[in-house]
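One structure below.
Which chain is which? They are A, B, C, D and E, in the order written, and residues in each are numbered from 1.
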Amino acid sequence: MQVNDNKDFQPLIVAFCCNWCSYAGADLSGTNRLNYPANVKIIRVPCSCRVNPMFILRAFQRGADGVILCGCHPGDCHYTSGNYFTRRRMTLLFSMLDFLGIERDRTRVEWVSAAEGAKFAATMNEFTEAVRKLGPNRRLEDLRCRKQ
Amino acid sequence: MQEAMINKAKQLLADGTVSRVIGWKRGEFAYDITPAVFETAEELEREFVFDDFTSANVSKYLVKESQKEGKVLAFLKPCDTYSLNQLTKEHRVDRDNIYVVGIPGGPKLDIEKIKAKGITGITGVKNDNYTLRIETIYGEETMPFYEAVLDKCASCKSKKHVTYDELIGEDGDVLESNRFDMVEKLENMTSQERYDFWRGELSKCIRCNACRNVCPACTCENCVFDNPNSGIDNKAPADSFEENMFHIIRAFHVAGRCTDCGECSRVCPQHIPLHLLNRKFIKDINALYGEYQAGADTTSRAPLTNYTADDCEASVVHERGVE
Amino acid sequence: MQRIGVFVCHCGTNIAATVDVKKVAETLGKEPGVVIAQDYQYMCSESGQNLVKDAIKEHNLTGIVICSCSPRMHENTFRKAAAAAGLNPYLVEIANIREQCSWIHKDIADATEKAVILGRAAIAKVHLNAPLTAGESPVVKKALVIGGGIAGIQTALDIAEAGFDVDIVEKNPTIGGKMAQIDKTFPTLDCAACILTPKMVEASQNERITIRSFSEVTDVKGFVGNFTVTIKKKARYVDETKCTGCGLCTEKCPMKKVPNEFNMGLDNRSAVYIPFAQAVPKVATIDPNYCMMLKTGKCGVCSKVCSAGAINYKQQDELIEEKYGAIIVATGFNPIKLDKYDEFAYGQCPDVVTSLELERLMNAAGPNGGTLLRPSDKSHPHTIVFVQCVGSRCDDSKGKPYCSKICCMYTAKHAMLIREKYPDTEVYVFYIDVRTPGKNFDEFYRRAVEQYNVHYIKGMVGKVTPKSDGKIDVQASDLLANEQLHIDADMVVLAAAIEPDKTARPLATMLTTQMDTNDFFTEAHPKLRPVESATAGIFLSGACQGPKDIPETVAQASAAAAKAIGLLCKNSITCNPCVAHSDELMCNGCSSCEKVCPYGAITYIDKEFRMPDRTTKVRRVASVNPAVCQGCGACTVACPSGAMDLNGFSNSQIMAEVDAICK
Amino acid sequence: MLRISADKIYQLLEAASAAQTVYIPADREDGEAEFRKYETGMQLTNRLNTLRSAKDFFFPQTENLVEFRMDGKNIEINDIRRECEDFVIFGVRACDARSFTILDKVYLVDPVDSFYKSRRDHGTVVTMACSRPAETCFCQTFGIDPTAPEGDCSVWNDGSYYYFQPNTEKGQKFVDSVSSLLEDGDTAGLDKSVERTKEVMKKLPLANLSAENFGGDKLNEYFNSDKWAELSESCLGCGTCTFVCPTCQCYDIKDFNTGHGIKRYRCWDSCMYSDFTKMAHGNPRLTQLERFRQRFMHKLVYFPANNNGEFGCVGCGRCLSKCPISMNIVKVMKALEVK
Amino acid sequence: MNANDTLIPHIGIVTDIRIDTPDVKTFRVEAPEGGKVFEHMPGQCAMLSIPGVGEAMFSITSSPTNKEFMEFSIKKCGCLTNWLHAMDVGQMITIRGPYGNAFPVETELKGKDLLFIAGGIGLAPLRSVINYVRDKRENYGSIQVIYGSRSKDDLVDYKEILDEWMTDDGVEVDLTIDNAQEGWDGHVGFVPNYVKELDPSTNKTVLVCGPPIMIKFTLAGLKELGFTETQVYTTMELRMKCGVGKCGRCNIGNKYVCKDGPVFRFDQLGELPDEY
């Protein structure tokens, strides 16, 4: 592990949020004026189970340094069971990325309900910090997409 | 065995049970065996072969063959029957149109391992009580049989036929195999070491698609990697990212469906141990969601189309193994 | 190439204070495909909306992006505005630059840059948006209630009251269900029959209600608003239209040794029977397992005595197909079988009974005409032990993990009734804890303890052993006194756990609804949609969803009815157009998508394809019913070939957003 | 002939690599050989040939052609071509050396492919005669003498010495750059070694395979042969044969959007792939039969038809060892041949 | 480094867009500095591209005698063509070429009576030849054009046909549409049948282009009328990438459509394997 903790590095974070819980949670953290870094960009999906591993890899390819998936708490899925599938899929995908030597702190799944504005902001701050420590994504980037 | 199989095939052709036989056909040399369809007794007599090199899993051909008119006889090794079951489960084959004769499995030989010993000019390979006598134009060479066994056979998971209409010989059992040893070894490496290992392996990929095209789980009508509208289509690993992506997505698409038949690694011209990716998923599935063997039956729910309310969280990845 | 309009809202100073909106509009105006980019004080105001509408017309826009507050706030507003200007409402995308940008960032440069990027992502998405039309599907104005207990009856009455036809399918010869077997109800101790039977009569007399007794659902096809249900009307060998319910046949029937299910097998009935006096429909049924005529062809007494000529030994099961707009499941519960509980000697000793059996023993219409007598020797019991939680709250496989909810209260009721009627009888209740969270429940329980001196002992009954003298040794522990007890009891009453009816699981499969591991139907949302199943058009009434007492059951029954009425009121259902669809040319027919669909919206069809070489090939392909799909997208990821995609959130759209964000 | 004692060969490679990049066939971890940039301490492989052919040096699997920048309605074209630096490929076998002249017939005919030409102009091919051919070798079928390889400079090794014979100006330049290490010497040992090799070649299982009945004159006869169905029935449609083949030269052109520009690149393509000829409205080669036929017709019939009878195969045997189902050009020739 | 490589395209600017039919537009392309990007002969093609969207081969539909610009009549049928149809005047595209052979206007066709038969968008490649021979009228014999489409609205270049070709003395134009339609008093029927009805003189040299099925029946019809395959030319379309016979996908037998074609005489085509 490098001692350099990449103080000046601003990681780009892509957050996939389900429409019913986490996107609403993100809205709530806005309503409550709770800060998190501007480099967190949210993509709205109907349910966390809409997130295809392709999207996550795509984000890393294009220069994201971290990808986080947020959905309803298990049991609270708007579609009953979507996040249960998400959980299995992402557990396996992240395990595979880890297996390939991609830093495990670059990916995360977090359950954030519509009422958890504070949790959303805290999660984003925490995740950004974890990714910042890792430095830029080099192991899963596409050199062709690197900004000159 | 070969004799018994030819006789069985001839009998089933003669009594009208089947109209075609899928098996293996001898080649130019001792080892270059091609899967083939036989329609007559004469063809069988002339070209049918079953020996230490008939390792190809013919179950994928049944996707096409079982759609044709008339029943097809398939000689399946234990590992191949798992593939067929999985295909049956996914409605990719018409099982009613297939007559499966279970035949004993390997261990089969890997000609590449013989050649890697520097043996060349090979004109014949004989198994003499587990010593291979290899005839070459430069004289005879010998090597222990087990040093030339295919990797997939060396870590055989099962000698049991999970589906068949008839057996030649005895059925075997599911084995305790060491197939996860290498996965475990990698898991115990550091993240950097794993990264270096896989970069070394995957950078060899020439994207010939042999792994995908041989894979009995990859029977999509149109693969996402060939579909210009999928957003991830590509023909060449133009960047290291694409080498990674192809293999990650492919492994993910077959996760919970891969029977671990090992064909991907067998056919890889670059010797990339692709089966390790699939085995990693199998190992994780077994550990996290309970033992699951794809193809063991035709009715169970695949792990990725299933869940329980108290499944582990994805953060389990952070808690395991070496950072 | 699209013609896109971008509209950046100031939201007063909510956005404009931290985001340089002019710069955002200016920067986004240069994006490919953008033909106009404007900013405005309040985009959601009428004048703001007019600005958008005018721009759509003036610039012939093919898509619009609104950079404003959360889409959860005003997406619909702008969709309507677009529609009013002749643009398909699904060609609108919102970039959330308030909640997810201006409100959380302080630095103007950062926030402005982020707003631009969010705008770009929305533009990238709208480039790929396709016009979507919400489909409509007609609603059959008729409901089906499966189960004729109090839940089903209440639901049916409410729906009929609202003016819709409703069928009740009941598998037994009469409706009424469990409540008909109950003697008194807690906490008011009024007579169950007195309050239930009028409802049964009401149901039978309501011209909008058709009671299909002695019938079962065998197949369900279709989807919300348009179900086709096959009902098997079992042969009862009696012509319902002719039978007057006089009961002569039941009296004359020579075969009298049939265990009477209504009285829990505590007495016998005849082979031709009417379950109880107030049965609805009050029509006799011949039990083919016992009827001599049906078994041997010799007898025919009932036929001879029936002046109405209603007996028909040749009757066959009949399959009826009906169409319904809504289906309400009210399959109820049963006490579990106690054969695994040898320690309580149930099955060995006739004086060890379940609570429901006790109800019958105490009921005036029961085997003893309402006098509580021991089943074994018809003697008066002086000591009665109640055992709670038999099979409830179990952590082993013998019982159920859940609390059956009603046992504490009915046991208090039983204890109280016994002490009231037979003051010389000692009553012991062994409990883990007593749960009384309901209106007047705790008061009721306390009355049992304080007023009626029922002995409540916190502890477990370890073993029940019938003794040779006819007494029953109950070995138990008193946890509070920390001592072992032996009670010489005359009767033991087991509060058996309740479980969903066995018909529920096959029914759930037919209905493609979800069940939990205990076979209770799963509601669409545990808090917010407790009476709907996740499958549109299927509603849940009563104990099929979880253990419930009568008032709760009735409340849920009415709630389910209200939801069903809400559906039946519509002439057609507007479907959410953001649904999954399968590209048949790419579909493998592997069934992965079907397995993850929570709504059963995916079916498979064998479709004939014309191949490029002019041959045809029949392939199994997935087909999504847009009326049923709710658009979660689980199937899109399960599909390995990428054949399944989601309208409004397509793979390419989401990837375009990712690209735009990471650019 | 100019020669160097076998134990000094690495001194020679060292000297050569001082002037320009030198690639040699070396062993990799899995025992296969591949061309690697020579660095001190690196060993020449003992394997007969490299797993992949040497065509990558002139026709890499992917290469960027041109870049575009899009700005509103405007497009800016950026010619990213750069002159290639000089390099040497050492140890190319006779079959691969011939493959370059086959590729030349595609890429150097008008209009010349400047990307290929630049590499060809700057690459010096130093070949190495074979002494231990494998059972899969059949270069003789196409008139190639593995004991007399072509290339800019031919090299032989008889066990004791490496012998150098420059054939072209570039070859001469290479020899000159290491001339201080070379000495003139007799070829007695070499002659004997070549003799031995020629004896071995007669014993090769495919020694009698002949291509004389193939060529452009029987185009329709071979095209319409009824053997194709059986030959192609087990073909997986992968691109292994194509990608290990030294003469396969088909490519695809694709655009990659990097987010800040478009990179247009070309990459190897395979006529075995189902989408190779797919168009919006159909595909002239619908089944694997047509695609399989195309590959072998191209090598055995179409290419000779357009190139004075020269075949599009050099008999290197790579497809024989690498095809996952062991279907290959030798089996096709034997099954198809019409005398 | 060589100055030019054919794979590196040039910039073209779309200076005019004409709507021909509901799904065909004709685009005028000029070099940024004005004039044509390159010279060509009738029947030759060019690769047009929007980088990132796609690149495809299109016939150059304007005549080489036009010195100011090139024209392309393009039918909407895929990703790239959808994009092209949606663009506005002033859009830059990339263009490379010319590719392929041309109709032998300066050799075999010279002095001949010419019969052009086209169906639908098939008129596009022939328009270049028709206007070329009209401009060099003295070099050719009679000119007859038989052109048909699904409906009146699907006739490409209808205005030019009416205003220029039909008013041209030495040109006979016979139009037909598949089904009767209001406002159409011309011939109704399929092209192959119309050709037979018109019974053209067999000393004409025929240039035919249209959907494969139309070509097939037209050729059969011509043979019935006594024409031989050596008299009939057509132009082909196959999947092309490089345009110069190197990428290896557009071959029919040993001929590459992009290099040895797209113009073939039917007797030459007959010698090739049936794989197109």
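Here is the rule we use: contacts are C-beta pairs under 8 Å (C-beta built on N, C-alpha and C of every residue); 3 or more make two chains touch, one makes a residue touch a chain.
Everything numeric here is computed off the predicted structure, so don't read it as measured data.
Chains making contact with subunit B as well as with subunit E: C, D. Set against the Cα centre of subunit D, the chain with the most distant centre is C.
Of all chains, the one whose mean C-alpha position sits at the greatest distance from that of subunit B is E.
Our note on geometry: subunit B versus subunit C, Cα centroid distance of 45 Å, whole angstroms.
Subunit D has its Cα centroid 69 Å from the Cα centroid of subunit C. Centroid to centroid, with C-alpha atoms defining each point, subunit C and subunit E lie 66 Å apart. Distance between chain centres (mean CA atoms), subunit A to subunit B: 36 Å.
Shown for subunit A are the residues that touch two or more other chains, namely 53-54, 58, 62-63, 75, 81, 85, 89, 142, 144-145. Counting partner chains per residue, subunit B shows two or more touched chains at residues 224, 230-231, 238, 304-306.
Residues of subunit C in contact with at least two other chains: 596, 638, 651, 655, 659, 662-663. According to the touch criterion at the top of this document, the contacting chain pairs are A-B, A-C, A-D, B-C, B-D, C-D, C-E, D-E.
Against subunit C, the residues of subunit D that register as touching in their complex are 70, 72, 257, 259-260, 282-283, 286-287.
On the subunit D side of its complex with subunit E, the touching residues are 65-66, 68, 70, 73-75, 77, 79, 81-83, 106-107, 111-115, 117-118, 216, 219-220, 223-224, 249-253, 255, 257, 262, 264, 266, 269, 271, 276-281, 284-285, 290, 294, 297-298, 301-303, 305-306. Here subunit D touches subunit A in the complex through residues 256, 258-260, 263, going by the rule given at the top.
Those residues of subunit E that touch subunit C in the shared complex are 83, 86-88. Note for the complex: subunit B touches subunit A at residues 183, 186-187, 191-199, 224, 230-232, 238-242, 244-245, 248-249, 251-252, 255, 277, 280-281, 284-285, 288-289, 303-309, 311-318, 320-321, 323.
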